[in-house]
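Structures incoming, each one as structure tokens.
Okay, so subunit A shows up in both of these, paired with subunit B first and subunit C after.
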Partner chain A sequence: MSRQPLHYIPTTGFRERSKAVVEDDFLQKSFRGAMDFLMAKRAAQFPDGNEFESLRRLGEQIRRNSLDKLPALLTQLEANLVRNGIQVHWAETPEEANRIILAICEKHGAKRMVKGKSMVSEEIEFNHAAEAAGVEAIETDMGEYILQLAGEKPSHIIMPAIHKTKAQIARLFEEKIPGVAYTEDVDALIQIGRRVLRQKFLEADIGLSGVNFAVAETGTLCLVENEGNGRLSTTVPKVHVAITGIEKVIEKLEHVPPLLSLLTRSATGQNITTYFNIISRPRQPGEKDGPEEVHLVLLDNGRTQPFADEELRQTLQCIRCGACMNHCPVYTHIGGHAYGTTYPGPIGEIISPHLLGLEATAALPSASSLCGACGDVCPVNIPIPDLLVRLRTEVYSEPCPDARLKGQGAGYSPWMTAIWRAWAAIYGHPALYRVYSWLASRLNWLTPARQAGWTSVRTPLTPAPRRLRDLLKEKR
Partner chain B sequence: MEPRQAPGRPTDVYFFATCVIDQFYPEAGLDAIRLLEREGVTVHFPADQTCCGQPAYTSGFHAEARQVARRQLDLFPEPWPVVVPSGSCAGMMKHHYPSFFAGEPEARKQAEALSGRIYEFTEFLVHVLGYEPKDASGPTKVVLHTSCSARREMGAHVTGRALLDKLDGVTVAQQDHEAECCGFGGTFALRHPEISAAMVRDKVAALKATGAEKVVSADCGCLMNILGHAAWQDRQEGRRQLSLPGEHIASFLLKRTGGSR
Partner chain C sequence: MSARDRILQRLTAVQAKEPSPAPEPEHWYASRARNESADGRARRFAAMMEGARAEVHRVDRHNWVEKLREILAAKSIGNLLIAPDTAHGSAARDGLANSGIACLAYDRPIEAWKPELFHHVQASLTAARSAIAETGTLVLWPDAHEPRLMSLVPPVHFVLVDAAHIHATFFDALRAENWAAGMPTNALLISSPSKTADIQQTLAYGAHGPKELVVLLLEDAP
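For the complex of A and B:
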């Protein structure tokens, strides 16, 4: 299975991919149904708007506090992890992170890895690096396992295989797992997957997982999951490697409960998940289980860019619940793969430009109607629409040599800029506006019948023959 | 959203029509003014008004947006409320102007003072005038669409609905996914036409499925998009009559309550 080539999705081609999805009736219905389900589950968890508002203010403050003290908290986290016997590694790039994890594998002669769900491991394309190094890395989250069999990437950060149907999974299992007959019975499918994975857990030499919260004051790693695969991946093999972004640190253990409550209720509409793992140290003498060695890899991969900017820093408050995608009408219509990034949807539109640069993500900041649904449901109050607007100014402005954002000016067009300057010249001078709007109304029969982008599904926009200011004059 | 009350019932208001109404939906602006006048309010239309600057602002052209927005700051010298018949433009002036001019102390002061006086049209009718429409027409069923910024920044879905609910002959239909964006989003519709098209397709389908006779909205941006798509569909399918007519809530209210006099 590890020989399966992975399907890479380039970040360019956003428009072509989204067009293909919106024209596919089946996908339209299936995304709509899935998002409706997730929205209803979340709504049932927050019946009291005031409770939500006060809890999310608290969540926001906790995350802001962590980010304001980020360098100090990371130092404290490292010191406490080391004191607890957990080894800490720093990676600036995906390549570095992959090298660190594979070096740990090599040191232990580990060839078989079980992976708990980790979006950061997706971000660094770890499975690809593992394959090249001859390490069999098996995804053990059911959704991720399905995608690994199919050779696909996640289309959602919480429900990675949400774009797949029962029938597709039934066919996939029949085809890829020896001795399995076609069945669309969901329980049976899960049991089939679990049987395969149980064996993999027993055989694994090393486990990899993500981290939801890294607590600085205690040196504790928290992992939220529902399937128990996270617990198995972090306790059964002799070695456990956790990987996370540097922004996941929080100051105190008491900060965990509110964030956990916000996370599970916003993500899957659960009061609490089936498993909540608190990882404090490797196995101690006399203890019956747990890994003998625990490592944490802390990844930057562009996160210091938004950190350095007071406004963009809010991007890093994210606790990866996925509620913004579930509520986004754009995501609902195009699904996760269209974005071509590890993180899709509204959070993907504001974080990906920092991870990948604006050249590779130039289409994303504008791929929002700014309806505000994402900001409304964000459990840590990230002003996503405002950050999208800010990124638009960075994409379309003239490239400037000392720009702070990678790829600033990637969408610069002298033509587009000239149009907006002309617009500002007209609308910024009332006399010019009067002349322009008078001409547009009197010559409205000259309005083109084809208006790029607009008239493909709408009748042309035609100025009225008399402006409001004309009607007012006639009235008086 | 907390309802705001202006101190006492104002005798005079400024009317900021918005560029879309001035050029594309002048009747809606005229009807809003007639309704306010019928309620005994003197309406002042500053002749130098153009646009709030929102199109350039949301498109990421902030120097250009500021150039236009700055010209609007001087239009309202008297301390009267400023009524805006569009939630997103009202939201721009009320919520975004102050921080938009953060770097210019004079303009910022003006923007902050103006911000407190900005009222979305239906908000003004309900919370400031305490307007009680008396329905003078027969039974009809309509559906209300509220723009996203009107809903989120101005709470206009509540005030728009409150006004329609006061009309005895009017049944307000409930559409599926009421709060979902219609797909307009200003230049979004032009930059991502396929996604915008899919969004408006679903919105129009949800509105039509209610069987309402027309869609009523306090936002002409959404109306351009929704009505434009519905009319395009009619053309495609060879219908002579509009399958989904619509109008600004000001026009609807004025007609239902006996016209301008």
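For the complex of A and C:
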């Protein structure tokens, strides 16, 4: 063992944030409870393991096949949407996507926007851009609305306010909504939200939503929800803008039912959600409601990077159900905010490096015990643990000039690599190992008391004064 | 070069491999098909809907207006939004005349009466195109006569669905009705009153849409 301090990669606060959550007993208990609840609900939806396996094989096939034809399906989707009267925009970066949406707002003089839940709008930090442009963008999903009042970001992609208790929400409503008295009654709190947001729907001049599936063959956008805010956002205002990642396209309408079933059962343990909203056109002549203009913004933001690699392409199969985070022991302990990225948990660990580069996300692929639970429950069979190992290799390997991944080698340390190479050589050669272990046991007083990351929460590793092989020899 | 062209260029620059095998959802659904009578499907549909907090009434297809009037009175609902150009809409209007329940017609664009729809209308009546037994789901295709917001804004939503139009699965519904041949402006699957569990995973109904969903399942009198 070396006295040389081991070199660790700065993790831009990931460890500190994780530690703070782990030390908070209250958060520990509430995350554990919420995850147990979601796991039990999902398990009840898949009582038959064979049915789950065969359905997820079908789901995986649909997503893989669509991705293999991605460029063709995107152009088919675009042609059919345009034929249906829906305007299509393409954005390479979050800035570009924000510019496109704000230009649509400006064209219509729209100052009041209602938003359905959209993780891609979180990814591009649309609300900040809207605020800077003087557009009031109101989150209307109950969870997202609570977070917007609190000035926080979602900590879960499906249950955004999962880290908040009803007491905290009661205080928040009392403080932020005029004329509201403190109540911990959940029904009453929801009715308060309903009342406030109904007025926003009534006044809004533009609506923004995400997309769960975009169907190429018919030019159709599908949205999954329980509350009805998604339907209101896409029906009441005179303009509707949908935004989604380029990977969300599927080829055929008949591919929707299996994916919808996998999504809702995996996400919240519901056999189906309250609403499945299927949009193919703006308001037609004679129709009395619905937006007169519908737009779709297709965002790349780094998605073409994993697409180019056959193994990493599987990342894009994701249908954003969140089951991987619900089953992740690391997520359950550190919560969604610790990751510092839009998408937390196992899916965040494998998608964020492509969106943000490996420099900014070097710590994430290592934030896993590789227990495999995420891969076991993934409804489209993404081999998340394998992809985590692959990304770790990309982080810690020597930077190469024609690297395919942005930030490849961001965690590379010549020292660390030399130490592990030396260790591999010693461990792989019995003669060398004998000499090494003899020296280590005799010189064990030289082992440092502080061993970088290891001793921050553990006692130091010290070689025993006598080797096992010596003890065994004596016994014989 | 536009963003579109650059994105597509990056995607097409990747050496195309043989596409993975085409998915065959019809095989999966066929392998799991149940041998179920129409009545069995209707019962399964009703049980699933009731399990999701919808009210289901199995009624004689010639007598549903009476049931509607009865439920409206029991719930003390004072007005009902109907689609006057539809057969069921006008049947409801005729049947509710002199009942003390006002029938409001969705007969002008939303812009002309938005505040009234949001603040004044207590209930609505629409038809469903069909239904799905597996998940307890109503299929609605709103149109010029029966607009989209009818099934969303009023706090109580009454839906008529013909028991003869219940499919086993969503897949069966869109295959049997050949959806891919022509999609409407908006199609909807509705499976319960509006709900949320966003506050401490506690289920609450009446989030943004209807607080109550009342299904009148139309059947032939025995």
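One rule holds for everything that comes next: the second predicted complex is superposed on the first by the 422 of 476 C-alpha atoms of A that agree within 3 Å, B and C clash if a C-alpha of one lies under 4 Å from a C-alpha of the other, contacts with A are read in each partner's own complex, and residues count from 1 in each chain.
Note that a residue touches a chain if its C-beta (ideal position, glycine included) is under 8 Å from a C-beta of that chain, and two chains touch if they have at least 3 such contacts.
Everything numeric here is computed off the predicted structure, so don't read it as measured data.
Visitor: Looking at the overlay, does A:T447 come into contact with subunit B only (first), subunit C only (second), both, or neither?
Guide: Touch status of A:T447: no partner.
Visitor: Applying the touch criterion given at the start, work out whether A:S413 contacts subunit B, subunit C, both or neither, answering first, second, both or neither.
Guide: neither
Visitor: Please indicate which partner A:L370 is in contact with in the superposed arrangement: first for subunit B, second for subunit C, both, or neither.
Guide: first
Visitor: Going by the contact rule set out at the top, does A:L260 touch subunit B (first), subunit C (second), both, or neither?
Guide: second
Visitor: Among the partners subunit B and subunit C, which is in contact with a greater number of residues of subunit A?
Guide: C
Visitor: Considering only touches as defined above, state whether A:E227 meets subunit B (first), subunit C (second), both or neither.
Guide: Second partner only, subunit C.
Visitor: Once the two structures are superposed, pull the subunit A residues common to the subunit B and subunit C interfaces.
Guide: none
Visitor: Show which residues of subunit B lie in contact with subunit A when the two form their complex.
Guide: 17, 19, 21-27, 29-30, 33, 45, 47-51, 53, 55-65, 67-68, 70-71, 148-149, 152-153, 179-181, 183-202, 224-225, 228-229, 231-232, 235
Visitor: State the interface residues of subunit C toward subunit A in the complex, per the touch definition above.
Guide: 2-4, 6-8, 10-14, 16-17, 19-26, 28-29, 31-32, 48, 52, 106-111, 114-115, 118, 134-137, 143-144, 147-149, 152-153, 169-171, 174-175, 179-180, 183-202, 204-210
Visitor: For subunit A, which residues count as touching subunit B in their complex?
Guide: 15, 18-19, 22-23, 28, 32, 329-330, 333-334, 365-373, 376, 389, 391-397, 417, 420-421, 423-424, 426-430, 433, 437, 440-441, 452-459, 461-464, 466-472, 475
Visitor: For a test of understanding, state which residues of subunit A touch subunit C in their complex under the given definition.
Guide: Subunit A reaches subunit C through residues 34, 37-38, 51, 54-55, 58, 61-62, 64-65, 68-71, 74-75, 90-92, 96, 140-143, 146, 159-162, 164-166, 169, 186-187, 189-191, 193-194, 197-198, 201-202, 217-220, 226-229, 231-232, 235-236, 238, 246, 252-258, 260-261, 268, 271-284, 286-290, 298, 300, 304, 307-308, 310.
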